[in-house]
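Take a look at the structures listed below.
Look for chain A in each of the two complexes below; its partner is chain B in the first and chain C in the second.
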Partner chain A sequence: MTNDDSKSTISQTRTKLWVDILIFIAFLIAMEPHSSGLAIHEWLTLAMLGTMIVHLLLSWDWIIETTRRFFGKLGLQNRINYILNWLLFIDGTLLMISGILISEVALPSLGIQLPTGFAWRRLHDMSANFALVLLGLHTALHWSWILNTFSRYVVKPIARLFAGGAKKDASV
Partner chain B sequence: MKTLGRIFIICFVFTLFAGLMILAVNASGMNAPDFRGDGESRPEFRPPDGDVDGGLPFLPEGERGERGEGGGSRLMFGMIKNTMVITVLVLVIVWPKSIAKKKRRLSQQN
Partner chain C sequence: MNTVFKILVILVGATLVGGLLYGVVTVTSSSQSPQFTEGSSSGQLPPDGNFDRPDHDGESSGIQFPMDSIKNLAIISVVGALYFNAAKFLGKRKSIPASV
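Moving on, here comes the complex of A and B:
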């Protein structure tokens, strides 16, 4: 690996961490439409569609590699992870499409009126609850990555900052 | 160009699944206006006497887009509740795994 490659990997990992934190917080806010308001709920989730694409692009190599090896040699955890990610994608699609079809603020403000149905409202609620469980499992399966990356890119730089400040104070 | 191609693939798969879901819901008849499925049509909604603007048949004010009173604290409560659900799931999976790892390490040392 050249110096440029390793720099790019570090920057990608850091970007992925911040994108994931952003998605996590946005998801928690989006899960409470009665408290945040329907306008925030709808616009935030539409914006999340973009961040989800970035999340998938940053994991692209893993997706392709695991798809190729899925029916061959692949560890159990990777296999479970892959299936879970597909479930999350399908559930996310259902959540998004049902949300678009029952939209009361975002789409009407763009001049788009869609025929609403009772089923989509129920499917939206169901898929949202299912997404919470799937997100929990997704987080659990990536827990060591989250801990390591958070420690490397958030905790250690902050600790270094304080240590640097303390050294300066000591020298004065 | 490579990134654009990947974005196109993601959007294509998303649209494909979305289309299939819409087809499935419409084909199953779940989305028909007659949601009880007993053949009778739903009775027309009539506002109560004296209700000039017709009122809202479904949800009270504050639950239809507007932030009701105490929205901030309710939002915080909801976010904490959902974080707790995720935390429990993480603990249920990560804890046994880390215990098993520690046991394996100990047995290797002995």
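Moving on, here comes the complex of A and C:
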């Protein structure tokens, strides 16, 4: 791996960490429309669509590699992870479609009125609850990555900053 | 691979999955219940109890907001912990040699 490649990987991992933190916080806010309000709920989730695409783009190599190897030699954890990611994708799509179809703020404000069916509200609630469970599993499967990356790109730089400040104070 | 092409692949994938789900839900729900358009002049109203959204702007806020998010965070943590324990349990079971 060249120096440029390694720099690019570091930058990509850092971007991924911040995008994931952003998605996680936005998801927690969006999950409670009772508290945050319907307008925030709808606009935030529509904006999350963009961050989800960035999340998938940053994991593109893993997706392609695992798809190729899925029916061949692949570890159990990777296999579970791959299936879980597909479930998240399907559930996320259902969540988004049902949300758009029952939208009361975002779409009407754009002048779009869609026919509402009986099933969509219930499906929206169900897929949201299912997404919560899937997100818990997704987080658990990536826990070591989260800990390592958070420690490397957040905790250590902050600790270094404080250590640098303490050294400066000592030298004065 | 070009980034635009990757984005297109993701969007096409989402459209296919979404279209399939939309088709399944529309077919199954249309056979069970009528459809209506909100604000339509057809005079059809939503059935009682099903479409009354309780989640309107600013109805409740303040202390409830972090509490609800903490509740969701707790659910995510519990699911994660369950996964870890299950993985640990299965790992232990695998490592114990089978008695003859």
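FYI, the second predicted complex is superposed on the first by the 172 of 172 C-alpha atoms of A that agree within 3 Å, B and C clash if a C-alpha of one lies under 4 Å from a C-alpha of the other, contacts with A are read in each partner's own complex, and residues count from 1 in each chain.
Assume contacts are C-beta pairs under 8 Å (C-beta built on N, C-alpha and C of every residue); 3 or more make two chains touch, one makes a residue touch a chain.
None of the values given here were measured: they were computed from a predicted structure.
Chemist: According to the stated criteria, A:34 is in contact with first (chain B), second (chain C), both, or neither; which is it?
Modeler: After superposition on chain A, A:34 lies in contact with both partners, chain B and chain C.
Chemist: Go through the superposed model and pick first if A:104 touches only chain B, second if only chain C, both, or neither.
Modeler: both
Chemist: Where does A:113 make contact in the superposed view: on chain B (first), on chain C (second), on both, or on neither?
Modeler: A:113 sits against chain C, while chain B stays out of touch.
Chemist: Is A:125 in contact with chain B, with chain C, with both, or with neither (first, second, both, neither)?
Modeler: The answer is neither, since A:125 touches no partner chain.
Chemist: If I apply the document's touch criterion, which positions on chain A are contacted by chain B in one structure and by chain C in the other?
Modeler: The answer is residues 28-29, 31-32, 34-39, 53, 56-57, 60, 89-90, 93-94, 96-97, 104-105, 117-120, 123, 132-133, 135-137, 139-141, 143 of chain A.
Chemist: Could you pull out which chain B residues touch chain A in their complex?
Modeler: Residues 3, 6-7, 10-11, 13-14, 17-18, 21-22, 25, 30-33, 35, 62-68, 71-72, 74-75, 77-79, 82-83, 85-86, 88-90, 92-94 of chain B touch chain A in their complex.
Chemist: In the complex formed with chain B, which residues of chain A make contact?
Modeler: Counting only chain A, the residues touching chain B are 28-29, 31-32, 34-39, 53, 56-57, 60, 89-90, 93-94, 96-97, 101, 104-105, 117-120, 123, 132-133, 135-137, 139-141, 143.
Chemist: Which chain C residues qualify as touching chain A in the complex?
Modeler: 1, 3, 6-7, 10-11, 13-14, 17-18, 21-22, 25-26, 28-30, 32-33, 35-39, 46-47, 50-51, 53-61, 64-65, 68-69, 72-73, 75-81, 83-84
Chemist: With touch defined as at the start, can you tell me which chain A residues reach chain C in the complex?
Modeler: Against chain C, chain A makes touches at 28-29, 31-39, 41, 53, 56-57, 60, 89-90, 93-94, 96-97, 102, 104-105, 113-121, 123, 132-133, 135-137, 139-141, 143.
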